[in-house]
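Look at the two complexes coming up: subunit A is in both, with subunit B in one and subunit C in the other.
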Partner chain A sequence: MDFTFDAQQNQFRDAVRSFLVVEAAPERLREYWETPTGRSAEMRKKITDQGITSLSVPEAYGGLGMGDVDWVQILEQVGYHGIPDSLAEAAYLGVAILNALPDEHEAIKKKWLERMVAGQARLAIGHPINPLVHDAEIADLILLWHNDELHATTPDKVKTTQRDSIDASRRLYEVEWTPSDETRVLTADQAAPIWAEAVDRAALAAAAQLVGLAQCMLDLSIDYAAQRKQFGKPVGSFQAIKHHLANVAVQIEFAAPVVYRAADAVANNHPRRAALVSHAKLATGRAARLSARNGIQSHGAMGYTWEADLQMYMKRAWALDAYWGDSVFHKARVAEFIFADDAPLGPGETFTA
Partner chain B sequence: MKLEYTDKQNAFRAEIRGWLDANVPKEPLKSFDTEEGFEQHRQWEKTLFEGRWSAVTWPQALGGRGADLIEWLIFEEEYWRAGAPLRVNQNGVFLLAPTLMEYGTEEQKKKFLPRMASGEDIWAQGWSEPGAGSDMAAIRSTAKVDGDEYVINGQKTWSTRAVYADWLFGLFRCEAGSQRHKGLCFILLPLDTPGITIRPIQQLNGLPGFAEIFFDDVRVPIANRIGGDGDGWSIAMATAGFERGLMLRSPGRFQRTAADLVKLYKKHEDRVAADPAIRDAVMRSWMDAEAYTLATYKTASSLMKGGKIGAEASTNKIFWSELDLLMHETAMSILGARAELLPHVPATSPLDQDLDQWLDAFLFAQAGPIYAGTNEIQRNIIAERMLGLPRA
Partner chain C sequence: MKVLVSVKRVVDYNVRIQVKGDGSGVNLDGVKMSMNPFDEIAMEEAVRLKEAGTAEEVIAVTIGGDKAEEQLRSALAFGADRAIHVKVNEEVSPLTAARILKAVFEKEQPGLFLMGKQAIDDDNNQTGQMTSALLGIPQATFAGELKIDGNKATVVREVDAGLETIEVDLPAVVTADLRLNEPRYLKLPDIMKAKRKPVETVSMADLGVEAAPGLTVTKTSPPPARAAGIKVKTVDELVAALKDKGLV
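Moving on, here comes the complex of A and B:
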């Protein structure tokens, strides 16, 4: 039993962090928001140069062949820095779906995985758990669910209508399209397990980002509370503020390990995968919501402005909280697990299958 | 105790209900944080005034109805029930007016109240400064006497609706070198006076709902001071009491939201049943909104018998602001993945169904525990002044 990340995984996390500190500084994010696509080709190129888009592409296609546990700390960083890029969808989730395609689809697989490594593929993924498809209009390839089948299409063949989110970095689209033999890649029989896994992986990605967001909002609030003075003292010296922020730290401490455990469950297709992922999503959602609330409270009126960076991360957290399954969806899955007649609960059952 | 309305009170309710039915705009107005919306809301104030409904608690002679607090509550209940527009002049009618009635001269009342009631003058509040938020006594903006005028210098911030408002009431240091609560004056000034610069501040929703105000040798007559020289702090505290307490957050608002939330829940019950926390929060919302209403009726009744509001006004502020958060967070949970969407009005797809104004109100609910004295400060007040606990 060893519940730690290895040196290489930590190194990769640190490299990504150093990279994002510079490339995803809040001023930059605001600039991206203002553009119609909300995305920056330059940034995507740099992300590609960092190897992030190749992370889970198999070595045979020029990638690094890494897995969910390698990804999880990277996704935390992606969340922390709030980058306006559908990286999780494309490079993590999309690649996993492509990887799962059976051999007869080698052509599609090769084409898109190689383009992913080269930083030339944006993937959008449409599943009914989300009412809208992120990045559908600017994607090079759209993977769509239809009655458990897997379809692939491109923006020029579908009708997209953009919908604004409170998180101005998101690019959400209603997508109208007609499934056909031409678009169908996999039948329902083939695709159902792939979609089930994709939902869990996507929820895990959202959970990991939520931990990062919770930590980011906490750090911003700590900085603010240490600097802002009232009554001749830093407001962070008042017990009320200390307790607000300490409460967030407690939530984060007990959300992150749940996410890491869920990453392992997704990687190994654990029979309890659904419940473990849902636990991660619920715990991180709670941590991030509290971090937003106590963060804005600690900022006072400053936190209620567009100008303060906090708002960008709060809005992302509120959006991700209900993305790839809201509380209703995830609580139902935890309930299904723990209330089953023969549920393996109690001491000694944490890591059983 | 007698928990029944009198015939007169019932008649009053029927009258306002009838008037609102006939007059509330069918189409919702634009946000008053836009120029167009602001003017629409100003027009609405005028319509209210013409019906003698803009300031029901004021004396008849000033365009009010001399309503007592119970009648005022009835008015507010009907107002929220009817879904009438938000009051763009609430700073004036609910905050400044009670202050003017108590501390203003006859001349000041005559000059300011009628134009306030009719919406001709919309008021903003100027207390906070960059260095004076929770610590309001740290105010540094100055008002220096020169002949029969004050010359004002300094900066205010977070002034709600100051971008489009006409007048400001604020606190300024009028005694050079004075400290803390001493030497402050409560002064009224037109926002178009030369030397004033207003810089809009965008709020969470991107609209300029408040502003910074810079004063550079701004001249106003000394006659615009309310109350005595150096009495500003105690007068401002009285105004703050109105804000935290009864006048500004009438129960009707929260009862309306709670009722809307129950409706929203029932429509989506099949889907959200798997999250019992949602059901629990909806039930608590209704209970807390009722509790808030009952506490308000109790306070109003005892005020009418000559009682006074003290530190318990701080309990009000905490209760309504936390209730408001609870209700809007719950609505977000019910709307689930659609909650993040800015609604299309009119709806362009089924996704818009029931989004209404929940998201915008959810954002605004985030401000409740901050403005009008933060909830941390209120808890300190409750602990120290109401419960008598030792000071830190």
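Moving on, here comes the complex of A and C:
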């Protein structure tokens, strides 16, 4: 298995990073937090102009026709810069669900995929694995699970109640709605595999963002430890801080390849897809939690304060850690795989395509 | 009008440079490489000239090993129409680079040759000037503003004394300074389109160029660590401190 990304995938990553470094600077993110919707139409337009929303839309609908492995490094960057936008939900997950619709739903597919390319579609996705729906009130289309069926509706046809998130940039809503023939797009038989894949893809997206967040918090902590002085020396020169940060770096190094493996598994519908994705979510959640915790310690606890940028990324990491399956859910899926009688375990199996 | 733009692969500006232990050079293992930022500015200017209808074709050229093609692909994603890769695996001195670029210029006959004012790796700031001298065409270095009118270019140069406005006949070599423009972000669709644009690979021999004899790097060392400053309370103390250091 080749774990390296090709030149184009790296160019995509670099292009998105250069864009987000300027457009998603922490002070700008704080401005968005203060707005009622928490979202910036200007920023979404710029994201669209960059081509990010059309990345996995098929070329027939004006997109770039890329896949999960092309997305993974971009999602890391989205996590690193903590952009307040449900981009992963809409452009990655939502597009994948729409792509999977059978031919008889070509009209819906065409309409929404083309709107996605044009930057005119915000998609929100409701699945019982998450009690609340991200961006439901400002979405143009809400895709909802009901007994494995796929339903599509709009905010004006449902009742939304905003619920606070620990991460002030997230806009979460409780959605009350009544499933009907009018809203049903696919039956349970048709939609069950699509939803199963969607859960894996969404968990993968959260995992990739967690790698980025862990790295971002580590970088912030290193910067702080290099500047803040005690006894005439930067605090980062003391082992008590240095080892804390080195532990985080090790966790990130171990977590990132697991995410890449999971991305390959999702892209190729690997038979162990669910376990590989859950492994990625668990490994990245652990790395991000440690990065947050040691980041606060390295900042002398002030990392938790509103003024320090660390808190923005830390809260996002906590929110994503439990999003699309908490550790109990993902550990159970890994356990189910490991403890199966015929579990294909061992070095000869780990990297099978 | 054709616009030729040279781009160089350099260590990314965000990377903290590490000198090799034996002082034989800079450690490039696993280091992120990018297009020289001043060359990005030059490329952006060329693309803007094309978008404004002043230029018909933008050609990017680079000198370097196989991996330098990555920077050419970035140039094509910026909006260059085609690219020329002069494949050279050895270290290239500014004079050798100027000789190569002269040969490429003569082959392509552009109306304007845009370059970055210097590369951020060796900071020589020589190639643009040498190329114009070898070609016997005008040069306008450190450009902060560029206007093309017919076969003349008006360039506002950023010089030590302030801003200097000069007019040069075209073709000319214009080297870009920091404030000439703000390069655009590369868009993902443009990166994909760049894959399909043509890249011509040539060698120095194909161009009939020989490497210039000259520079040998004898030693590379990091700059001395900056010592902590001192605070003085009075002007007299300041003067005394400056005298101590032999500065006044």
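The rule is short, and it goes like this: the second predicted complex is superposed on the first by the 350 of 353 C-alpha atoms of A that agree within 3 Å, B and C clash if a C-alpha of one lies under 4 Å from a C-alpha of the other, contacts with A are read in each partner's own complex, and residues count from 1 in each chain.
We adopt the following convention: a contact is a pair of C-beta atoms (placed from the backbone, for glycine too) under 8 Å apart; a residue touches a chain by one contact, two chains touch by 3 or more.
Quick caveat: nothing in here was measured; it's all calculated off a predicted structure.
Q: Residues of subunit A touched: more by subunit B or subunit C?
A: Looking at subunit B versus subunit C, the one contacting more residues of subunit A is B.
Q: Looking at the overlay, what does A:8 touch: subunit B (first), subunit C (second), both, or neither?
A: Only subunit C; A:8 stays clear of subunit B.
Q: A:18 contacts which: subunit B (first), subunit C (second), both, neither?
A: second
Q: Look at A:200 in the shared chain and tell me whether it touches subunit B only, subunit C only, both, or neither; answer first, second, both or neither.
A: neither
Q: Touching A:311 in the superposition: subunit B (first), subunit C (second), both, neither?
A: first
Q: For A:55, using the defined touch cut-off, is the partner it touches subunit B, subunit C, both, or neither? Pick first, second, both or neither.
A: It touches subunit C, and subunit B stays clear.
Q: List the residues on subunit A that touch subunit C in their complex, please.
A: Residues of subunit A touching subunit C: 7-8, 11-12, 14-16, 18-19, 22, 49-52, 54-55, 64.
Q: In the complex, go through subunit B and note every residue touching subunit A.
A: Listed in rising order, the residues of subunit B that touch subunit A are 128, 131, 133-135, 138, 157-158, 201-206, 210, 271-272, 274-275, 277-278, 325, 329, 332-333, 336-342, 344, 348-349, 351, 359, 363, 366-367, 369-371, 374-376, 379-380, 392.
Q: Can you name the residues of subunit C that touch subunit A in the complex?
A: Subunit C residues touching subunit A: 34, 70, 73-74, 77, 185-192, 195.
Q: Using the touch definition from the top, list the residues of subunit A that touch subunit B in their complex.
A: Answer in residue numbers: 129-132, 161, 163-167, 170, 172, 174, 229-231, 235, 238-241, 289, 293, 296-297, 300-301, 303-307, 311, 315, 318-319, 322-323, 326-329, 331-332, 335.
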